[in-house]
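First subunit A sits with subunit B, and in the next complex the same chain sits with subunit C.
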Partner chain A sequence: MRAADVRPKWMEPPTRIGLAAKVLALAAIAVLVLYPFVAVLSTSLSSEAEISRHGGLVLFPTSPTLDAYRVIFAGGVVTSALVRSILITAVGTACSLAATVGMAYGLSRRGVVGGRFFLLVALFTMLFSPGVIPNFLVVKQLGLLDTYAALVLPTLISAFNLVVLRSFFMNLPTELYEAARIDGAGDFRVLLRIVLPLSKSVLAVVALFYAVGYWNAFFNAMLYVNDDKWPLAMVLRQFVLQGQSLNDTVSSSETSVPAQAIQMAVVVVSLVPILVVYPFLQRYFTKGVLTGAVKG
Partner chain B sequence: MSGTDQAPARHRTGDDAPPGPPVVAPERLVARRRKLTLWQRIKRDKVMLVLMLPGLAYFVVFHYAPLFGYVVAFEDYQPYLGFAQSTWVGMENFAAVFADPAFWQSLVNTLEITALQLVLFFPAPIGLALLLHSIMSSTVRRFVQSVVYLPHFIGWVIIVSIFQQVLGATGAVPNLLDAVGLTRFDAMTTPWFFPFLVTIQSIWKDCGWGTIIFLAALLNIDQELYEAAAVDGAGRWQRLWRITLPGIMPVVILLLILNLGSILSVGFEQIVLQRNAVGPEHGEVLDTYVYFHGIVDGQWGPSAAVGLVKGVVGMALVLGANRLAHLFGQEGVYAGARR
Partner chain C sequence: MPENASGLSRRTVLRAGTGVAVAGTIGAGVLSTVAGCGTDSGAGKVSSAADVTLPKTIPYDGPTPDVPGTPEGVPAGFYAYPKPVKAFASPPLSNERITAITNVIGAPPPDRSANPAWQAVEKRLGASVDITSVSSADYETKLNTVIAGGKLPDIMLYDGGGMSDLPAFLAAKCADLTPLLRGDKVKDFPHLAAIPQLVWQTCTQAGKLYLLPIPRNLVGGSGFYNSTLFGQAGVKSTQDIRNADDFLGVLKELTRPKQNRWALGSTNFGTVPFHHIFGSPLNWRLDGGKLVRSYETPEYQAALEFLVKVHKAGCFVPGSEAWTKQQMMDAFHTGKVSMVYDGLPAFAGPTGYYAALPATHKGFQARPFLPFGHDGGKPVTWFDNKAFGWVMLAKADEKRLRTVLKACDFFAAPFGTEEYLLLNYGVEGTDYHLDPHGNPVLTAKGNQDTLVPWKYLSAPTQVVYDPTSKEYVDILHDAYAKLIPTAVADPTETLYSPTNGRKGVALGQFMSDTITSVIAGRKPFSAFTDAVKQWRSKGGDTIRGEYQEALSKQKKH
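And now, the complex of A and B:
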């Protein structure tokens, strides 16, 4: 963030105590953030004996076993919820991205009829949220209860992502638009051939934000659909937080695998996609967030 | 948006210029644009309007139409009868809610959690941002940033599960306490600890993320101020106190004011997951009250009434906070986006 890594001449070198305190604080923060992940991972790899011997505090399992993963991937609730989550995330992200791009593009061009009004319509929704009950009634009136559409449509567009995309489109050089129009390209062709190819990176970020949102979402599923349409997050809630026994649903023959290990294996499986996309996300989000928050 | 009525000058002369080669002028840029009728403009922009349609439909259907659903706050709503057939009861639902001690308890719990978050969670990112900003090596700084931003992207179900694993009854911390001879303490199910638990989780998830805006503010401070101060003999603490803190104060005040706008909303997803572990007496907040009494118990009217009151008060708070931010010379949240 600072231009150079070198200490400016006027700045006094750090005292030994100050430096030690800083290093200690940073190490403590890193441990506080990272330890829970390690704990979850190692518990998921542990056997019953190991968990009871260490009393839950397994840092490095001496004989790691993949039994818990074998159990959850053997078919049954977790496997199908995982497949469902992947599909919901993929379809939801595609729909959200398409709707957001269309609207952001329309709002990014000056002079489009009604543009200013439509922008206010979208921005005003940042000021209030309708609340659980009216949302539920709308979904019910539309006949979307217990459909997969109820997991996507109510959160189709985030006004924040819309603002980020719109401001990115607005900052593209206008000469490009003008040249394309003089060559006879229509609005849609300009979007497809000029705007989208120039916006690949910001589109990737917005898509990842949506994908992470869909992957983590559980509340719409809790409100609107029955358990045969639950995504992984809802299954996780049911097993880990509501304490519902896994043996009811996961094949009961595998009793040797501790419930705690299975639960943590589900946590790990839910975490992996986020950890995989995180490096890509991180490369851009600071820029994106600031564009949205500061420049608008 | 002010540019709409300033077409580029070269097109202004279009009327009296001699008829040259037929240039397909971009219609939107022609000065005569203003003479187009509404219908002509709609026809001209039809592609744009079609592109915007799904988004607009979404905002209307899922953000504006639900507001009409608040009619059930004034009805003895029965789902099988629908809006039209249910009996109109006027303000009875509101009276019923205000007579319900559970409602007041949830309001108290909400304010308690908000207050705790304001004291513990709000300053945390400022401190962390200062610490990050003071790291000289960009490699180390980037590594620490990667680590502390990560939890922001993890969903509440996973986070609560992880906390369960570390702090819960069979988790690491109670066992550690046991091992060193202290009494076991199950942070996940101890009712009085609930506001602290919620705050700790919020800090773990979003403290790092919250530093982004403060880091940007720190970068905007003129480096020459520091140099001049150092030359004049100001030590590091003096520089922190006299330059850094005043430098980020506008952002701090802005965020503080905006937080005031949302004091009635505390992490709904986070709390709805954990409310049952500690019971409604300590775990119920306004949002979960609406959910559990309305959707779960089917008391549609009264809980819609709570939602309506909360929505109106919340919006008044947001608007008031925004105005307050303006008074402090800030642009407010939405001013920037409207430009």
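And now, the complex of A and C:
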């Protein structure tokens, strides 16, 4: 028998014990991952008394109820915040993507005057943040207080995403740029017709980063806008946080702790949209990040 | 500011905990910058309530309560809402606009356009009220950024945290209300005038009246106990317990780990009731003109020694000192622990101890813990809940200040008035309907509409009221009636010490950590005495000196 005909060990069909061990290990991991989800969902469907009896987390609610969700969705505050959040996320992601692509493309070309300087300036923001008050003062002096723009403009470009995109653009074959130039294309045309169509995966991942960021952002909303413009994350935070500052035992603890079912329902409500979108974008996610990260 | 037994108040805990990231960097920074702008900042100086003439208390001539209050401050009790009377014949303001920043409990309320209660309040007040509100956990950050922005709203809630140099900020940016409210002048604002002087005492800083209180019922109490389980252990009322040894016997009797049951379990060991039993002072005690910190008193040390003994006897749920409030409530409601320390206001409402314990575990009853003397003598309680917080008014001319004060007077409309009903229950028919006894019952819409935080812009003194349970009113009123006469105040309550402003939080945390470790048995008792020495050298003695100086100034006047 020739050496090439001998199958290596790992290509042999697995033994029964090996198979069982794998199944067990994977099942254990799956349970570990799923347990918090199931517990959160089940608790959100339980009554307060039942949650108390189970010490805070219920796995199998005996008499499921949607009361917690009714409380959250009553009054229309959450529904309108949901609409606002979707709009902020859509518009914000589009603006961020456009600005980041423009800047990354500019910085990826050699010979751009001051390119290195601006790249360093952008990278500087990754290491040092200006702090809450200076940010607030800038937003105020730009006249953006209590406007939706205040939720988008201060976080328009993320340095990390910029670096990811710039690296990707730099790794596209130079010949493509040169050919386009010879054909008489300007920078805009090169970007739109050549670079962007070749960068779909990385654009998808950067868009996802931005979208998740906008969806979850609450701090800027808390600082810059009034509650009639709050996105979903901030509104839901209110449900979870009520009475939180009083969570030490104190003489004047007057706010009741929020019902645990409501807290869990809030977690479910804020999870669902990202959970729905994520599986479709997940393949781009790893691919895009690796592209940017490995090829420097 | 009320502090708990370990030297950390709710506000300081807040500052040290959730608020630390921002309050630490923003609070101190911004406020000192702002303070620097003032002409008469008073920053870094000791100060006291000194010679402020407090507003004269003119009791509100309201409906006759079912259980009367007392001049000492025991609140009145009502079994049903009295026939509402008008507090204002016509709107006190006309076409004004008031701005405010405050915290909001729970979800944000529906916007003004979809909120008939909000519209009705504004109509009845004669002014539009624009409120910026965030949850109390975010409040310090928001307030500090607004302050940094320079344009202050008319009414600002001060919840006790995040102001590293309060007197300086008040002097630089807030209105001195002394000329408008001192003595008889408060008559112009009859509902503010109904607030007792005991509460107004907490409103002075740097010798001036700067704050309006959001009054509470003076004492925070000594926690709650499961009267059913205590009854099974032979205790009908906790005041019948004769001394500390008997109490230890009861706690041991209540502890049955095999049945998953312990006598005690509270966040940070819930030490306050034990200090009440042993007679520890609230933060400081004035002993022959000299200030003594609670840690230095024999009573405090005796209470701590007793707590160590109780822990050794296994009466605390293992690890319960690290519980959150929610975990503590769950443990109490399921009967896992028989006694917890929480403030008396937590007795109220559908999720409060009174209603939630029997709802979770049929047959169990919760009662406020009334302390007894450790040696058969008298226990003490503390005046640790005179106010929920305070509001500061932005500097303005007298006319504007009067306008804002009128709005505050409106928000302080007392129980029994139509305005109180409107502010707390919304519009009749839409937000609530009256039951056969005349009690307002909120509708689903009312639950949402009444989330507007009017009650944190100014408030009247509280009464004990629960339309669903006469028993609740009797129990809580009885608790206040027994606790308030035994209450002691913190002699430094109205004084300001700059060193305490700078180092108080860190020192309090250091003491609190040591005390928790000592009770848990992780450190010997000598660690506590060493910690007290360190506390003195690290700033405690300086704080004492500053308070002492402020006190002597107060006496001269």
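Note that in this section the second predicted complex is superposed on the first by the 193 of 296 C-alpha atoms of A that agree within 3 Å, B and C clash if a C-alpha of one lies under 4 Å from a C-alpha of the other, contacts with A are read in each partner's own complex, and residues count from 1 in each chain.
By our rule, a contact is a pair of C-beta atoms (placed from the backbone, for glycine too) under 8 Å apart; a residue touches a chain by one contact, two chains touch by 3 or more.
Treat the numbers as computed from the prediction; the structure is a model and nothing was measured.
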| said: Once chain A of both complexes is superposed, is A:Met264 in touch with subunit B (first), subunit C (second), both, or neither? | reply: first
| subunit B versus subunit C as contact partner of A:Ile182, first or second or both or neither | first
| Which of the two partners, first being subunit B and second being subunit C, lies in contact with A:Thr100: first, second, both, or neither? | first
| said: For A:Arg193, using the defined touch cut-off, is the partner it touches subunit B, subunit C, both, or neither? Pick first, second, both or neither. | reply: neither
| request: Would you check which partner chain A:Ala30 touches, where first means subunit B only, second means subunit C only, and both and neither mean what they say? | output: first
| When both complexes are superposed, which of subunit B and subunit C contacts more residues belonging to subunit A? | B
| request: Would you sort A:Leu241 into first (subunit B), second (subunit C), both or neither based on which partner it touches? | output: both
| request: Answer with first, second, both or neither: which of subunit B and subunit C does A:Leu153 touch in the superposed model? | output: first
| request: Have a look at where A:Val77 lands relative to subunit B and subunit C in the superposition and call it first, second, both or neither. | output: second
| Of the partners subunit B and subunit C, which touch A:Leu145 in the superposed model: first, second, both, neither? | second
| Which subunit A residues come up in both lists, the one for subunit B and the one for subunit C? | 55-56, 131-133, 136-137, 140, 222-223, 237, 241-242, 260
| field | Complex contacts: residues of subunit A adjacent to subunit B | value | 1-2, 5-8, 10-12, 22, 25-26, 29-30, 32-37, 39-40, 43, 54-57, 98-100, 102-103, 105-107, 109-116, 118-123, 125-138, 140, 142, 153-154, 156-157, 162-163, 177-178, 181-182, 184, 186-188, 191, 212, 215-219, 222-223, 233-234, 236-237, 240-242, 260, 263-264, 267, 270-271, 274, 278, 281-282, 285-286, 289-290, 293-296
| task | Report the residues of subunit B in contact with subunit A in the complex, numbered from low to high. | result | 1, 3-4, 23-26, 28-29, 33, 38, 41-42, 44-45, 47-49, 51-56, 58-70, 72, 79, 128, 131, 133-138, 140-141, 144, 146-151, 153-158, 160-166, 170-172, 174-176, 178-179, 204, 208, 212-213, 215-216, 219, 223, 226-227, 230-231, 235-236, 268-269, 272-274, 276-277, 287, 290-291, 294-295, 300, 303-304, 307-308, 310-311, 314-315, 318-319, 333-339
| message | Under the stated contact criterion, what part of subunit A meets subunit C in this complex? | response | 48-49, 51-53, 55-56, 72, 74-78, 131-133, 136-137, 140, 145, 222-223, 226-228, 230, 235, 237-239, 241-260
| note | Listed in rising order, subunit C residues that touch subunit A in their complex are 2, 4, 8-10, 13-14, 17-18, 22, 25-26, 29-30, 104-111, 114, 132-139, 141-142, 144-145, 148-149, 216, 219-221, 223, 266-268, 270, 272, 324-331, 333-334, 340-346, 348-352, 356, 359-361, 382, 384-385, 388, 444-445, 447-449
